[in-house]
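In what comes next, chain A is part of two complexes: it sits with chain B in the first one and with chain C in the second one.
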Partner chain A sequence: MTNHDKLRDLLTDVLLLGDAEYRTDLTRREVDTWDSLAVVAIATGIEETFGYHMSEAEAMGIGGVADIIVLLEQRGIPFGD
Partner chain B sequence: MRIVQAATQPPLATALAEAWMRDESFVLLPARTSLDPATVTSWLAGAPASWAEGHYVLLTSGSTGLPKLVVGARARTQALARALHVAQDLDEVAEAVVLLPLSYSYAFVNQFVWATIHGRRLVVTEGLGAPAEVLAALDGARDAMLCLVGSQVPLLRQHAGSRRFPGVTRLHFAGGRFPQEQLPYLRGLFPAARIYNNYGCAEALPRLTVRRADASDEGANVGAPLPGIELAAAPDGRLLFRSPFRAVGLVEDGVVRVLDDAEWLASGDLAEPVGDGSWRLLGRSGDVFKRFGEKVSLASLLAAVHAVWPGAAAFHLESAQGEPAHVLTLAPAPDPAALRDVLAALRRGFSRAQWPVRIEARATLPTLPNGKPDGRALADSPGAETLWRQRL
Partner chain C sequence: MTDTAPWTPDGLSTRLAGDRTVVWASPHVAARVAARWSFPHVQALDAVPPHAEWVVVVGGGTRIDAAKLWRYDTGRRIGLVAVPSLWGSGAEVSPVAVGPGVTKRIVVDPTLVPEARVLWPELADSVPAERVRWACGDAWAHAVEGFLSPLADDAVRADGAALLARLLALPLDRDARWFEASAAACALQARASVGLVHGLAHVLEPRLAAVGDPRADHARLCATLLDPVLAFDLAQSPKAAAHFARYGVDLEAVLAIAAALRDDETLRALRPHVDAVWPDVVRDRCTRTNAASVRASSRDALLAGWPA
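Take a look at the complex of A and B:
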């Protein structure tokens, strides 16, 4: 399973997205379930899935899926697959 | 008082009929109980002398889940059975097929007492734990009344499939959420049955309202109170009642409480009047709580789940991060598509704080002897598979 697949599974699980709703350019504003509790759940899931502990500022600064990918790539977790 | 217990005096219906005919009061205990007969006798030592004759005692769970004795007057219960006979138009019904333990107040009053005082046949089965016996009883039913709880429907569906039982002409539900979404299936299974939603509680012994299933599209609507029964909503939403049929006393942990007929009793549910004389349940008093500042109603969640999930479902509570948290258990395990349907229903109707913290699966839901899901066993017994969790 690629890192893209892992992130897709995590976000569809946390945000209760349908398979067709997930996109890598999906933004927080487009998803009604991406609320403050979802931010916490995503941060927890990132740590469980990718082993990276996000700071509070990083978690709150995420505006969409692309931001998560950029953040993780900056921390050495590749998404070029 | 005389003790009548299924485990020691089979067949129970015979022992019960004999006890009912005597002046002496009696205690009806289920086959399996945490309260042994000696403890029951000691608890009743301080009962008023007037309870020695013409009364009966049932065992139920109190609000704490601990056992409680409910004391009824036989004359009141006979009057209720006659009122039910009229309200449910039971003149043409010839027999009652019993799939619930007779020690459960619903089966005891709606079936045993009704059949006894109206001279109808009582067909007692071992319940859905013995499906072949149940199916044979339903096949052989003639103008029969059947009483179920909603949580029995998935199991009945599993065993009965697409069979039809035209001999059942009255089908009653009580003791929990009315399975509104199962009505099309139930109408196929029991094509000649009039279906009723009954509502009450053990302290009411047990009936407060009855409505025809087709009188409302809403499962939470329990209809209007029976004649003589008064319902009211307390300022905090608790449903209160007064009834000429209700229990005359309660005994908890050896403490006897004689009930005053003028006193309003809580049914254990939250409810509101609908406006046409009927009432709408909003959940159990303990099943509505705040989580992360948002009101969570387990009844509302369960209704949304059942709208998309044909199997069994139940919640149990636990604590997470200092907040009350609820766990949803589905049985049998859903396939991935069915799980996505449940998750989509949660997303559509509820905020994240209202979603369960986990969704688990079991082959079957553990149940109490009365057929309701056993919340304590759901929380404590192994064997649950986690399908989804909130990661909070």
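Take a look at the complex of A and C:
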């Protein structure tokens, strides 16, 4: 399973998205379940899945899927697969 | 959040003016309260007279939260003194109030905290033993979930570890020390958050209440859900066990308490309800801040250790 797959599974699972709803350019504003508390759940899930602990500022700065990918790549977790 | 020492019952009599104070007490303690204090009683908060400056609310967490929300919603400039008739909820010190209804209304605001609380342990003397035990479980759930919360910082976890050691010294039985311990547990979680125990309880309570199920009791649900949720957290997130180890909390002792609070008959009855409302549980605001991430696919892992 690629890191893209892991991230897709995590976000669809936490945000209760249908498979067709997930896109790498999906933003928080498009998802009504992606509120500030869901951000906490996503940050917890990212730590469980990728082993990276997001700071509060990083978590609150996430505006969409692409931001998560950029952040994780900056922390050495590749998404070039 | 108030952290001031509680008043005594006699202290309340001397601090508040009799002609500016009314009491709103649970029926099961109203006679005892009337014998102790001479303040007039009201049967409903809408009956609090305009000249009143203080309301003394006596009862469980539901009644105290109702008084907090009444003042919040009406904007009345009136003092509130909370007198818990049993420990567990910590409503007397909490900036959170949970309202009744099919969809639990949760309000978080520092102005909700009552100005004072009264410690009157004898009010719990007549409470049935099983309710006493559930109240202990309610306090335990606050303490464990606050300690493990992803929103807890080092200071909260250090305080939480000290609190958990304090709780481990208490019996799961009637003991006046539970009043202060459960207030501390509530204060702790208010500095971080609670988790899946409360997410499940908040979704299940109104569903059970709608069909007259006696299990629709917050403390009862929290008490029995702590064990399976703690097992889920430990299985899903290595950080949970790491927090216990790092802060020197005796995890085995905590697990033994959770197991002692677990009621398999209740869990068995809850199982189909959990199946039915799982998406709502995942979306619940308390669930969102659980120690381990809770997902649509997490249900089977949670239910793995439940009786079929």
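Assume the second predicted complex is superposed on the first by the 81 of 81 C-alpha atoms of A that agree within 3 Å, B and C clash if a C-alpha of one lies under 4 Å from a C-alpha of the other, contacts with A are read in each partner's own complex, and residues count from 1 in each chain.
Here is the rule we go by: contacts are C-beta pairs under 8 Å (C-beta built on N, C-alpha and C of every residue); 3 or more make two chains touch, one makes a residue touch a chain.
All values reported here derive from a predicted model rather than from experimental measurement.
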| item | value |
| --- | --- |
| Which of chain B and chain C A:Thr44 touches, first, second, both or neither | both |
| Which of chain B and chain C A:Val65 touches, first, second, both or neither | neither |
| Which superposed partner A:Leu16 touches (first chain B, second chain C, both, neither) | both |
| Contacts of A:Thr33 with chain B and chain C, given as first, second, both or neither | both |
| Set of chain A residues, in rising order, touched by both chain B and chain C | 13-14, 16, 33, 37-38, 40-42, 44-45, 48 |
| Partner chain B, residues of chain A touching it in the complex | 13-14, 16, 18, 32-33, 35, 37-38, 40-42, 44-45, 48 |
| Complex contacts: residues of chain A adjacent to chain C | 10, 12-14, 16, 33, 37-38, 40-45, 47-48 |
| Contacting residues of chain C [partner chain A, same complex] | 150-151, 193, 236-237, 239, 279, 282-283, 285, 287-298 |
| Chain B residues within the chain A interface of the complex | 292, 340, 343-344, 346-347, 351-353, 355, 388, 390-392 |
